[in-house]
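Each chain carries a letter (A, B and C) given by its place in the written order, and its residues are counted from 1.
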Amino acid sequence: MMIIEPHVERDYEPAPEQAARSGRVWRNRLFKGAMLFSMLVAFGTLAVLLVDIVLTGWPALTATLFTEAPSSLPEEAGARPAILATLYLGGTVLLLSVPIGALTAIYLEEYANRERWWNKLIEVNIQNLAAVPSIVYGILGLAFIVRGIGIGRVVFAGALILTLVVLPTVVVASREAIRGVPDSIRQGAFALGATKWQVVWRQVLPAAIPGMATGSILALSRAIGETAPLLMVGATVYVAFNPTLFGEYTALPIQIYNWVRQPDPEFQTVAAAGAIVLLVIVLAMNAVAIFVRNRYRQKW
Amino acid sequence: MRIGLQSELDALEAGFQEAGEIVFRSIRGAIDALRTQDVELCDEVIAFDDEVDERYLALERQVEMVLARQTPVATDLRLVLAILHSALHLERMGDQCVTIAKLTKLSSHLGTQQAVVEGLVDMGERCAEMARVSLSAFAARDVQQARALHSLDDLVDNANRQVFQEVLGYVNDAEALEWGMRQITVARCFERIGDNAVDIGEQTAFIVTGEFAEFTDASHEDGQRPG
Amino acid sequence: METQPHIDSTRIAEASRGALARADIERREKVFSVTDLAVYYSGKPALEEVDIDVYRNTVTAFIGPSGCGKSTFIRCFNRMNDLIPGAKVEGTVLYHGEDLYGPDVDPVEIRRRIGMVFQKPNPFPKSIYDNIAFGPRVLDMKGSLDERVEGALRRAALWDEVKDRLKDGALGLSGGQQQRLCIARALAVEPDVILMDEPASALDPISTTRIEDLMHELKREYTIVIVTHNMQQAARVADMTAFFSVVVDDDGSARRGILVEYDMTTKIFTTPSDKRTEDYVTGRFG
């Protein structure tokens, strides 16, 4: 049996040192450098901001902040009502946005016939809604919820507005989670004789919950930081009593804003302390979202 | 594992062994017909060949099916090929029995010579024995037993030569000569049966060793084989 | 000298039963009877002019080159094509003599009786027990769930491997085990037919052989239809084989599938009637 030897002709043999000096390697290093620089700028700026806030607000981070109501004296000023209201708002938004968002997502992904024009319309506009500036929701809320339905400038109204603000995000996140469930699972369930609802309720939804949870928590953490719409619907700036669901209120971002506006420089410290609290709440929620996503993520 | 393949191979081999049994009966029939000079028995043996042929064709068809459907490899493939070859050898044995029966019938009106008849019956017994041994060696995949057929075959060849010598002596008796010459052919048939049994033994060795080698080669002295 | 017989006599009896003759098969009940079937996706024909009968307790294989519509066809048997928007099925499919696409027929009930196993094993992201129990639960089947689960796993030749870890996640099983799990899942709802769409194509050779051996066992109780692109597999397991091929329109634009030949597997692989079949099984085309 003949064995055919490979015959290779090379007319150019670059020496290793020469290759290093060639343009390609330098371009490679340049690109790497540019990426590192960008990252430093981004995180550096953030780091500087955080450090500044913490240093400024550290002295005012005492129990007073949590236990006392706002007062004209910086030493006695606390954000208790604001913190409570923020928590109530958050809870209500969660209770409203998650079911509505989840069911909307289920309808759009599992039941809607994508050929129909109205579904195509909804499809396009969900993304748009997420991009609408939140103050617009505020104006809407003022007109329709506070005055139109006549609920008034209460916590529940604020929660409704915030729900509208975050609903598109929750829907998009839920849709992604539902889409993440492979079609083979649905096919397998159908092939056993399950009805559409059984497939959705027993297979798709349970598998999509981690993704939905993550999306909802992230949306919620955004809601907690919203200031503009709340101002529009009547979160008054100075509130010294504990809020109730259908009572007047203020929220933590607004409280911070109020303190910043005070002429007394002491209040800046308190404001910074309030900002730290807000940051901690938001970061904690994000951490929970990431934990949930990592722990329960389905490896298909 | 591979239930389908295994059951088809088992069925094929069972069919082969059954065909062997049938040929064995044919050989016995031919020997008995020769010994008793029974013309009716001769007719039965001749008619019985239809059954032998039927079995052979059935085996061929079965081999074709197994190869087409199961694509056997390695030992399985060698088994199937060995059965294909050996089936043909069995069919040949059957044909030899028919020839013996026909000759016996043809020369039945002539007188018999006891010495030759005894010699032929003896040959026949040895051949029957060889047929039986070849089939059992195949079933047991026993190469030793298969090789032993070679020495049994030598005995049959010797007996063949003895018959020939005996018949040479009938040169003065026309009737005995005619009868004797027919019996030489009969002896030749028995000798053929023996050769076919050795061939089956070679197939047994092929299954086990993967090599096909003739135990004896007519064109070479004993033990002098190429390769 | 005693000889050791090389053959197991019980196996011989088995084998002679297993080697079915055409007359035996055609005497059996026709589980499916398909007449002039055509399938269209958004108006374009995918498959046309199919006439076929599937007999009880046989393994029937659909073979053919890619795009010939064999997967489309097998999905007609359990109305899974209903789930594809734009899919239309014309012609008649009779199941035990009843029109499968009749107005009173509930596809959900059909799918209980005609189970399906897919090409890529698709266990649910639940425990092994819950995977098997899913079917009986959604169908509200009475009786002991534990017994059903064990029975299904036994019939799928998986019980011994998983009996101590029924609560473990199904996704932790190997590929071959997952596929047997999917088979067990289908068996748990007590079907009458099992459809398999290239059940072993994603598996290694040993797992493939186990699935094929399983089909040999299962066909005693169930009727099995399989799609396979591996024609040797069809040769090994199927009693009847249907060869589908692709027909291209004169201008080369539209491709659709047709049934070329349907016969005993032994015939298809030894003396096929149609030259196209011969070209395909000998590997000279396709």
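Convention: a contact is a pair of C-beta atoms (placed from the backbone, for glycine too) under 8 Å apart; a residue touches a chain by one contact, two chains touch by 3 or more.
The structure presented is a predicted model; accordingly, all values stated were derived computationally and were not measured.
Asker: Need the most distant chain from subunit B, centre defined as the mean of C-alpha atoms.
Answerer: Most remote chain from subunit B, centroid-wise, comes out as A.
Asker: Select the chain whose centre, defined as the mean of its C-alpha atoms, is least distant from the mean of all protein C-alpha atoms.
Answerer: C
Asker: Taking the mean of the CA coordinates per chain, how far is subunit B from subunit C in Å?
Answerer: 47
Asker: As a quick test, compute the distance in whole Å between the mean CA positions of subunit A and subunit B.
Answerer: 90
Asker: Residue numbers in subunit C touching 2 or more other chains?
Answerer: Within subunit C, no residue touches at least two other chains.
Asker: Which of the residues in subunit C come into contact with subunit A in the complex?
Answerer: 78, 80, 83, 85, 108-112, 115-116, 118, 120, 122-125, 134-135, 138-139, 171, 182, 185-186, 189
Asker: Which residues of subunit A touch subunit C in the complex?
Answerer: 113, 115, 182, 184-185, 187-195, 198, 202-203, 206-207, 298-300
Asker: How about subunit B: which of its residues touch subunit C in the complex?
Answerer: 1-8, 10-11, 13-14, 17, 64-65, 68-71, 136-137, 139-142, 145
Asker: State the interface residues of subunit C toward subunit B in the complex, per the touch definition above.
Answerer: Checking each residue of subunit C against subunit B gives 1, 3-9, 11-12, 14-16, 18-19, 209-210, 212-213, 216-217, 232, 235-237, 265-266, 269-270.
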